[in-house]
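Paired with chain B in one complex and with chain C in the other, chain A is shared by the two complexes that follow.
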Partner chain A sequence: MSSARTPGDLATQLVTESRRSILTITLLKYNDTLVRSLIREQRDLEKAAAPYTHSATPPPALLIIQTIIAQNKRCLLAYHSQRLDHLITMYWSGGCSLPHVLQSDMRAKMSPHEVDFLKEYHGSVMEFRGEFEMDIDVTSGIESPPRELNVLVRVVRECGEIQTEGGVVDFKMGQRYQVRRTDIEHLIVQGYLEEV
Partner chain B sequence: MSGPTVGGPSSSGATRVEDEEEIEETPLEQLTRHWMNERHAPDLLPRQEVLLASLLDHIHRQTNIINTLRSDPRSSEDEHLRIMLVQTEIERVKFMVNSYTRTRLFKIEKYARFIVTDEFMQTRLTAGELNHATRFAAMTDRHFRMSVLQSLPEPQSHLDDEPIFMPSMITQPDKTKPVFVRARRHCPPIRLKDGTALEMSKGHISLLPFDVVEDLILRGDVELV
Partner chain C sequence: MVYLPPPQQATSSTPSYPQAYHRILTAHRRSKTTSPSSVSILIAPDVDALCAARMLADLLKQDDIMYSIIPVSGIDNLEAVRDDLMDSPELHTLILLNIGSILDLPSPEWFGDFPQADLSVHIVDSARPQNLSSLFGTGPGSERIVVWDDGGASKLQEERNAWLALENEPEPNSDSDEDSDDDLDPPSDEELAPDSDEDEYHQEAGGRKRRSLGDGDPFVERKGKRRRTRLSRGDREVHTRRIQKHYTAGTWFGQSASGTMYVLATVLERVDNELLWLAILGLTYQYTSSRISRDIYERNHSLYHDEVVRLNPPGPQNAFQANGITTITPDDTSIRATEELRFTLFRHWTLYDAMYHSSYVNSKLGIWKEKGRKRLTGLLAKMGFAQAETQQSYSHMSLAVKNNLVHQLESIAPEYAMTELNYPSFVRARGWKGQGMSAADEVDVLATIMDVAYGYKMEVEIEGGRNGGEWFGGGKVWEGRQASRLTHRKDHERENIPPGDASNRARQKSSTEDGVEVDEPPEGSKQDLPWWQQNFWAAFDALSDWSQLNRALPLCISLHRAIIRQGTSVIDKHLIKTMRSHRVVILSQGPDLALFSNPGPLSRLALWLVDALRDRVGNAPNARGRARKSLPFVVACLNEETETFIVVGIMAAKEFGDVSRNEFGLAFLDAKDRCNARTKHVSFDTSVLEINKGDLNVFLETLCDGPEG
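== the complex of A and B ==
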């Protein structure tokens, strides 16, 4: 019986990953293997419980199996839920830009369902945003209140010509520009410009 | 004329002035108060639709005026400075409206599954917020089903089972969470959970469970700090 695991161990591993993700504030790669083995464990447990469920005097073993089933299921859901929370936070801090969140290295860490979820979420947020008047953009940053109208920025990534209040500005790599904060805030968030 | 007197403490300093007069607030101060309340409250508070609409309307008009003034070549240097101040102020108000909206959105997503089942909560949301809550609840359900539940054996594949000794799958606001309140005017005595009563005079600050002061917050007698 050396290869046998204690049922419930996998679930602990899974939530440990969630915990690590919370503490380090990083998205870990979606652990497909672990999730699959946990689901397999659930099926085995269900089979193990089957003979008891209809007996008039269920043995104590049934209670243990059912507790593990409930526990495992909760851990599975918690793992997925924590990942969604993380993705949503990332989405907002990236200025609600879908391509920005779905960059190749991030995308590689997500499960296909998570990518679908983000797309759907993006749709919902955009619809919500559309219900406000033009003056208010709910997707703009809420980290710190604006102190000045204009900011001095340096271009750190090529982003081309941008329409601003004072006309079209052609942002050239390495140059500095004095611009209206509201016009280019999303570019700062997405890492094209840097505040000087 | 035995009504309340206005002004600071009397010259003798011995008589305490019972301050019962209505507090006058500018719309901006109201927004600040509701914004702070919303940020500190564990539960979703009623949305201040009228206040927001009037503020946004005001901002809109101000922006128009500014655009006219800015394009007017006769505006002096001094006026340009003032225009800039107004613009900055507008940006700051927008920031507050934004933060207020986002705070609500955060709570709405957190309690989405509760909101779709609870009619009272729904009365506190705008149509747009409710739509988002409904969509959000549906998409998280779908995600759980696709990633986990559909692969589990049938008896386990439901989201809403309530196993014993485990918290419910539907997150509800924790109304017992303690909050700091400041009395904006003299408050009628409130009954605390241990049976004692607390009477707060204006300016009094206390740490109390949210559900004890919820009514006072809704009435505007206290604000969260």
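== the complex of A and C ==
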């Protein structure tokens, strides 16, 4: 246990980071060092508590240490669950497309465990979707119900040639396309196209 | 036959618009792939084409056809687009709106050698003259060209015969039997061979070869016959001259593209108010930009008037205000016929300003001078309107004045030689969403959006800035981007954030919350678009979005102010040089230089000058001796960034509402050839030219020396 810091300080830092992430709706880089030092602090705390655990009348200090340990645990869990929530939101808003979420710059912000999590989560979702394959696509959005089969879209970002049911479309900036909605739904969701 | 007469002239044997349209539909339905790149609509950036595109898009949408819309700024751009399209394997229909009737489309240079076998190219263009080989060509390339004509082409029988005769007669000096010449240039005299006897042999050979290659259409038969009765040299000369006349008689405009679309919709029985309004806009655009004469306007107007009455049965309360519109129900979007005053945007401005900025009033009163302004106040006083009243914005003017306006004007204005103060037009109600807008106003605003919405920072007046209001004298830069930012906010609220941008968006949001203006949308991608494309789409959206139109009104007002400012200074400073056959204005300094280096505003300025000086200069003492003659105007404006001049040529018609053919297209080409100036056409309008700074003087000299010299 480092003497320079009050125990519990690191946990507060971690929670602050989470809060920042929530307020800015941004995924911050996974703070590996902070998490590690927090875990180290946990071990130190446990070591400090060890002598008291077997005494018949534990001193009040043990209570304090115990509280700090519990607090740290809560913060660690909160931090990770916030990150996972964010990743899942991103995953769903990206139209349940894994490669889209795992773009290079996003990937750099995740810990390897989080990447694993996403992959497995994706697997589960796909499996779930498979159950309804005939009837309904559970991954499509529900916020803006489609009003017509075809939509006029403009290109927000170049996305190259797209293979659709009707044939290849080369979406170019500055042009508009009347397309079948189902063909490009995911591109709208992913922000390449915009409905006019 | 590759041109289509309008349906009323079509017989059962000749196809017309609906057949061509159905051909598009069947081509689409028959093809295995139905991606939007199979039907491409190319649009020139003008209001008429814009309306036509909107109409066509509506029709295609109803038929469940996928399409893509591609705006094209000029010939250069068209070439680039053409190269792109060549690579698209699915393309089977190409529709050109107000593009390319002058181009030799069947030639391999354009659409002749597209790899797509079943491609058809439809041309809906109001520009005249048309290229004869597009109209009458019969080669393999021209099968795919379909010109939607307004009936003018069937009157070109003489040209047709002449063209066919020349086309089938290989030039005596050449053994090659190239089918298509570059017809953009009129056939030159060199085509007339000095001696043709010894080449007869080659000709025969060429002819026979062709006949064997022919695929048995009746035309080949005729070709053969003509071969036997070989053209005499005299005939050839007559034919050449005939064709030359066709190309050199100047450019003019036929039926508007949106008018053509409306005819199509009528035949398909799909007409509704929306389409009718777009067609009216197209027509009004042609009239207000002096592309068609008053006569033609009135002829078309009466057609649309019948349609308006048919689709908008008069309501129970028939007593509409004279110029305003009373809306009866919240979603009453009917079109009504009115008499439109020739005042600029007068429903959205003050009466004084509207009159002050109107080119018609200007030409009659001479507003650019102090005396003229006095005359205007005099006129208003005579009509019995208080000055404070005329400085009031129209919506705040007292009802009595509004109702009296037309009547008073009609009785007083003739004293000021303003006899044609109004013309029949239409207004469209907008339910309770806002004040109705007249066709002329809407066209004006749309044209403004297309010219200056992006790419040029323009100051607009803040509301409440007049009459010593709180923000007196304040102005701000008009922002076209507001809309795009709004949509981004909306995205944000939908929480539909693509992960890649999540951080960006958030950052943007936080900074806007801090009150810091963020100029660029997150990806900065919209900004990558060239300004004319942004303008085009802004105008395209504004067609269906009234709030955007309303937002652009101040911009339009600013543009009018700038035009009158520049025009007045041109006249005040005597910048107009009168040459023998032209009047020339060169703008090379001034605060609005950047604005007028766009062809759109510059053309407007030129039109304003023409109108302003029509009645003035002719009466000037130096011209008293000879008959009043209006000289064509050439206006050049320096573009400081590119070190070039934009040159616009406008023919000056003698009377208001008259239109004469624009001969500048050819005069420009001619002058260019003679002085080797480095020029380029920036738009589809042949009377607009971009020219290198150094070459301007010599170019203008050559131009003014003219063909006579």
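Rule of thumb we're sticking to: the second predicted complex is superposed on the first by the 171 of 196 C-alpha atoms of A that agree within 3 Å, B and C clash if a C-alpha of one lies under 4 Å from a C-alpha of the other, contacts with A are read in each partner's own complex, and residues count from 1 in each chain.
The rule is short, and it goes like this: a contact is a pair of C-beta atoms (placed from the backbone, for glycine too) under 8 Å apart; a residue touches a chain by one contact, two chains touch by 3 or more.
For clarity, every value in this text was computed on a predicted model and none was experimentally measured.
Using the contact criterion defined above for the overlaid structures, shared-chain residue A:Y177 touches chain C, although it does not reach chain B. Look at A:E131: by the touch rule set out above, it reaches chain B but stays clear of chain C.
In the superposition on chain A, contact of A:R43 is made with chain B only, not with chain C. Legend: residue contacts after superposition of the two complexes on their common chain; A:Q190 is shown touching chain C, with no touch to chain B.
By the touch criterion defined above, A:S111 lies against chain B but remains apart from chain C after alignment on the C-alpha atoms of chain A. Of the two partner chains, chain B is the only one touched by A:K73; chain C is not. Judged by the touch definition given at the top, the superposed model places A:V156 against chain C, while chain B stays out of reach.
In the superposition on chain A, no contact is made by A:H122 with either chain B or chain C.
In the superposition on chain A, chain A positions 149 are in contact with chain B in one complex as well as with chain C in the other. The part of chain A that touches chain C in the complex is made up of residues 24-27, 89-90, 93-94, 100-101, 103, 105-106, 141, 143-144, 149-150, 152, 154, 156-158, 164, 166-170, 172-180, 189-191, 194, 196. Note for the complex: chain A touches chain B at residues 35, 39, 42-43, 46, 66, 69-70, 73-74, 76-77, 80-81, 84, 88, 92, 111, 113-114, 116-117, 120-121, 124-125, 127-128, 131-133, 135-138, 140, 142, 145-149, 181-182.
Listed in rising order, the residues of chain B touching chain A in the complex are 56, 59-60, 63, 84, 87-88, 91-92, 94-99, 101-102, 105, 109, 127-129, 131-132, 135-136, 139-140, 142-144, 146-148, 151-153, 155-156, 159, 161, 163, 166, 169. Taken together, the chain C residues at the contact with chain A in this complex read 32-38, 57, 60-61, 64-71, 84, 88-90, 487, 491, 494-503, 505-507, 510, 523, 525-526, 528-530, 533, 537, 540-541.
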